[in-house]
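So that we are looking at the same thing, I have put the structure below in structure tokens.
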Amino acid sequence: MIRRNCSPMTEANHSQHRYRALYRIRRFEETVLEKFPTGVFFGTTHTYLGQEANAVGVLECLQQGDIVFSNHRCHGHFLAYGGDARALFAELMGRATGVCAGKGGSQHLQWKNFYSNGVQGGIAPVAVGMALAEKFKGSPAVTVVFLGDGTLGEGVLYEALNLASLWRAPLLFVLENNRIAQTTPLELALAGAIAARFQAFGIPCTELDTSDVEPINAAAQELLGRVRSGDGPQALLLHTQRFGPHSKGDDTRTPQEIENLKRQRDPLPIQAARLTPEWIAQIQAEVDAEISAAFQQALADPFPTAEAL
Amino acid sequence: MIRRNCSPMTEANHSQHRYRALYRIRRFEETVLEKFPTGVFFGTTHTYLGQEANAVGVLECLQQGDIVFSNHRCHGHFLAYGGDARALFAELMGRATGVCAGKGGSQHLQWKNFYSNGVQGGIAPVAVGMALAEKFKGSPAVTVVFLGDGTLGEGVLYEALNLASLWRAPLLFVLENNRIAQTTPLELALAGAIAARFQAFGIPCTELDTSDVEPINAAAQELLGRVRSGDGPQALLLHTQRFGPHSKGDDTRTPQEIENLKRQRDPLPIQAARLTPEWIAQIQAEVDAEISAAFQQALADPFPTAEAL
Amino acid sequence: MAMRSVLESLNQGLLRAFTAIPSVYLLGEDVLDPYGGAFKVTRGLSSAFPQRVLTTPISEAGITGLAAGMALRGLRPVVEVMFGDFITLIADQVLNHLAKFRWMYNEQVTVPVVIRTPMGGRRGYGPTHSQTLEKHFIGMPGLHVIAPAAIGDPGDLLYQAIHKTRDPLLFIENKLLYLLPLQSEEQADFTIETLPGADKPAWNGLPESTFPTPCYRLRVRGAPPATVTLAAYGYMAHIAQQAMLELALEHELFCELIVPTRLAPVAAGEIRASVARTQRLLVLEEGTRALGWGAEVLAQVAEAPGAGLRAAARLAALDLPVPASGALEALVLPGAPEVIAAALKLAEKQTLSI
Amino acid sequence: MAMRSVLESLNQGLLRAFTAIPSVYLLGEDVLDPYGGAFKVTRGLSSAFPQRVLTTPISEAGITGLAAGMALRGLRPVVEVMFGDFITLIADQVLNHLAKFRWMYNEQVTVPVVIRTPMGGRRGYGPTHSQTLEKHFIGMPGLHVIAPAAIGDPGDLLYQAIHKTRDPLLFIENKLLYLLPLQSEEQADFTIETLPGADKPAWNGLPESTFPTPCYRLRVRGAPPATVTLAAYGYMAHIAQQAMLELALEHELFCELIVPTRLAPVAAGEIRASVARTQRLLVLEEGTRALGWGAEVLAQVAEAPGAGLRAAARLAALDLPVPASGALEALVLPGAPEVIAAALKLAEKQTLSI
């Protein structure tokens, strides 16, 4: 496994770093679900619980200038990209200090080269356009776009696949297949096979079924390497599991089913097994403090006023 | 080759019947292009010259109640379905006696179970809905939808493929690949492979590269047989050639290129080889008379008036 | 009997349609029980009619096209678009397919499809889940648009639409309406009249709809004759009622409120009739102003000979996306305080012009 | 110098944009030479700038999304939608992506995309290739809509839009405009004034556009003061001119015609100013009436305090699809005879009310 694209770290602090990234998303999202009933957040939210290894594994490979386009389930992607927890809490709370000053809310983030939108599928051609723009400008930047399995229902995605492939956009499609869309199981929404959907447009698709951040990162490195060297768009199909409800309290799966998923597929214990208990405790303590402080700071932040319009 | 679905004919008059159907489309379309400059027709037109064997081969398999949804290049499909030449001429001429009383024009036909629309791709889900409706009603009718290679660019087509496959719609997709869309060659518009596009959605695709109506008919029989017996949607990919301009006088291919196509791929001489010169002469004479009379009658037909609104 | 909510009424209307009409099918995302749809309007349907309730992939255009095909072949499909914000995805199917077929095919077919969708903000869902977009669909030839308020029997309106329409019909449900109790004519604070519906929409060539789409007139009970006409539909009618009470009690300004349920073809006759009495018109809408329903109403009133219009205004959302932050959302979307202010402004004009 | 046509002017505007601005790209179906696009507006571009002219698959939504992405990353893409009838396919990209990004992302991005498309009928293309659909896009917060007429310099307007816009912009070209010669201020039959553009569109929060979008006033040369204001854009302005001549010569009815090039945000100030003089307004449009541009213009005029409006009307297409048959198409779309009749009717009201 070549890690040429990652910042140089020893294997030990690399593992620590990843655990921290995973745990940071976990704590953020747990806090969101825990605090939602208190009325501090506006609207609704889609947490990334259970899927943390995807964002962390893939986005660790980013280089300066690379672009991420994310969807409704964007908190994990945003945090793994390096986004600030306080700014994200503040955005969910509709505060002036939020990522988009409270205008966007949970699904509509923009910061540096990170973007998200809450309309299924429509982000795919936009991401292709970004990738092409960087190519046309002669920039080495690549683009990563995150999509869910349910989003394979949207036609515009296939227009994007065709265009990306035709014009060799430097783009990685990351398809997070948690086998459910809101409440609809994959089987009721998808005919044929996901990988074949990409391949039919001449886009190679690599498939992985794990919650372990290491192989996800390895595969993403490999594919992003190909994208960077001009091989055209690539797809990474990540079979994964959603631990939480779709948004809040709208899970139609049995608690038993979810318990099973958590036992079998939690990325945190898998990564924790690579660390000493001391490190785990230390990272957890630090992140707990960070997230709790971020939440409290956001809560004290001002609401936007009419000038923001 | 099983012809269980076709009206009983002897092999000889079957061949004659097919030649007549092919030649009828040919003469109709030639008349359209020839008369267009005289100003008798409104708007524009897309002729079926060169592709006649597709419509004739496929639609010969229809049974009572079966449905056809066609696209902008619909004259050939309409005539092969059994449509009246005079009513079609009249529609192109905007007369009250036209297929849709002049409201639809060249691309927007409706008669019995035949429908067409001029918006690329959008007809695909509509055809799926028709197929499903017949299934839900317990009717044995199947639906055939005609699409061009260029239409593979439209996203809604893939929504339709997914839905058709998921719900096992009794539907045959006929993809007429004339390797060009208006002026755009296939290579500039299509990544990957056409057959794979269907297969990725779990729809089997049979591919044929011929202008001979016989194997086209055989393949269509076979596939419609599967559709009728509940195997779900099927795709028939017909590699074909457009002899005429996209609409009128807008061909960017060289005359040489088109001459070559005609020499190699004209369905009429292929079918003529199965008939005696006498039969050919007789059919031609009859069809020439029919088309010419149809044209003249339509020309004498009245225009619609304000009451038609 | 407990007061029914709009949600219960709509749910019962759907159940009734499924029970009475075997050709009714439902297509929508996440509509199966126990979930029963994102806003629960379809709850119970899939249990009672498992064969006719189809939960779909996330393919708004695809399922709308499917419904068109089903309708062309004799069924009566109902489509649920999970959020009204996504009707943009069905625009081509609606405008270039469903709404065109009947006329373009010379009346040889009908396309009885009902497309239901929830619109509206005030829940902090942010820019892509809070919009009021029906204005972009009102005025497509061949498309009916209907919107219930918390008045009368929304479920029956839905039932009638499913049962009787021959044309595609967009049925707009404001999200905040769902939990409101239905108002009836014995409403404590208001008198509610159902207007005769003299106002048959004139739709060139396309025969009018074959079921009644009531239009209501509300007045504060016991108030003197109104000097301002308010016009609003859907949830904005509820906001208008709140404003009317306060205008009457605090400002002694008396309004009558006209609440149509038919939005397309736009029928402003009942509004015009009210304006003929009051000479002052304030049109309210939750969507943005430009080329909105209010523009058409105002235009129809201004065009009418002898309208006698002395002052007119529209109150609509600011011309911006709907922000997620409640602090901003309340500034962008019109509420009762804005209605009150706008009505007072209109009335001041009256004072000045006397 | 031979009189340039609108087509030539637009083509030159595009060439100028490509020459002057290295970040301009074109995306469209069949835009390569020698074909140069279905209506030839892009002819010559692909030969001169092969790297920056991308002929695309038939993927209207896809290429619009691509353009959004390119614009977010610093390019200035121009999209050609082959027929305006298909803007329904890009509705979601435009409304929920392009037009929202700048505001929703708190002004941290810009989306300078110009989407050009030909609209209009009178060529017998039938119900899916003859429509005038911009009304469904006027009034989307964040989207500019501009439409040239055969007056001034349409190519420069297009150039300015490509060069200067920070927001998505829909550029509407009527098909019948293409071959019209450009009119200049020395036009024989008409005086043409370019109005000062005092009428900056008020767009809450979104800074106004940064380039001038001229508004013209036309009068029959030597005619007495007008008693009717006509308002029209695009090809309807040409039809209005034909009608004005006949109204002046045959009926001694004198009109002034206001021709804006900016449709969104809707700016009716110059029209209001004219109506303040004439007190009579006839708004013309080729699209269907309901919630059209004319509705907004009329509403803005009616709302304005002291508008002094004595009679107002709209002339629009009948509320039907556009039929293919020329015999019917001429009945559905408004032409000069209908303009004349409508203006006379408006003027009769004048006679009656005196």
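Miscellaneous remarks
Read from first to last, the chains carry the letters A, B, C and D; within each, the first residue is number 1.
One rule holds in what follows: a residue touches a chain if its C-beta (ideal position, glycine included) is under 8 Å from a C-beta of that chain, and two chains touch if they have at least 3 such contacts.
Not measured: the values here are computed from a predicted model.
Farthest chain from chain B (centres taken as the mean of C-alpha atoms): A. Chain A and chain B have Cα centroids lying 46 Å from one another. Averaged C-alpha coordinates put the centre of chain B at 38 Å from the centre of chain D. Centre-to-centre separation between chain B and chain C, using Cα means, comes to 42 Å. Within chain A, the positions touching two or more other chains are listed as 101, 103-104, 108, 117, 119, 152-156, 159, 162, 166, 188-190, 309.
Looking at chain D, one finds that residues 56-57, 59, 61-62, 85-86, 89, 92, 96, 103-104, 126-128, 204-205, 318, 320-321 touch two or more other chains. Taken chain by chain, the contacts link every pair, so each chain touches all the others. By the touch criterion given at the top, residues 85-86, 88-89, 91-92, 94-96, 100, 103-104, 126-128, 133, 135-142, 203-206, 264-266, 288-296, 298-299, 301-303, 305, 309, 311-314, 318-321, 323, 349 of chain C touch chain D in their complex. For chain C in complex with chain B, the residues that touch the partner chain are 25, 54, 56-57, 59, 61-75, 77, 92-93, 96-97, 101, 103-106, 108-109, 204-205. Residues 67, 100-101, 103-104, 108, 110-111, 115, 117, 119, 122-134, 136-137, 155-156, 159-160, 162-163, 166-167, 309 of chain A touch chain D in their complex.
The part of chain A that touches chain C in the complex is made up of residues 41-44, 91, 94-95, 98, 101-108, 117-121, 150-155, 181-184, 188-190, 250, 252, 303-306, 308-309.
Of all residues in chain B, only 152-159, 161-162, 165-166, 188-193, 196-197, 199-203 touch chain A in the complex they form.
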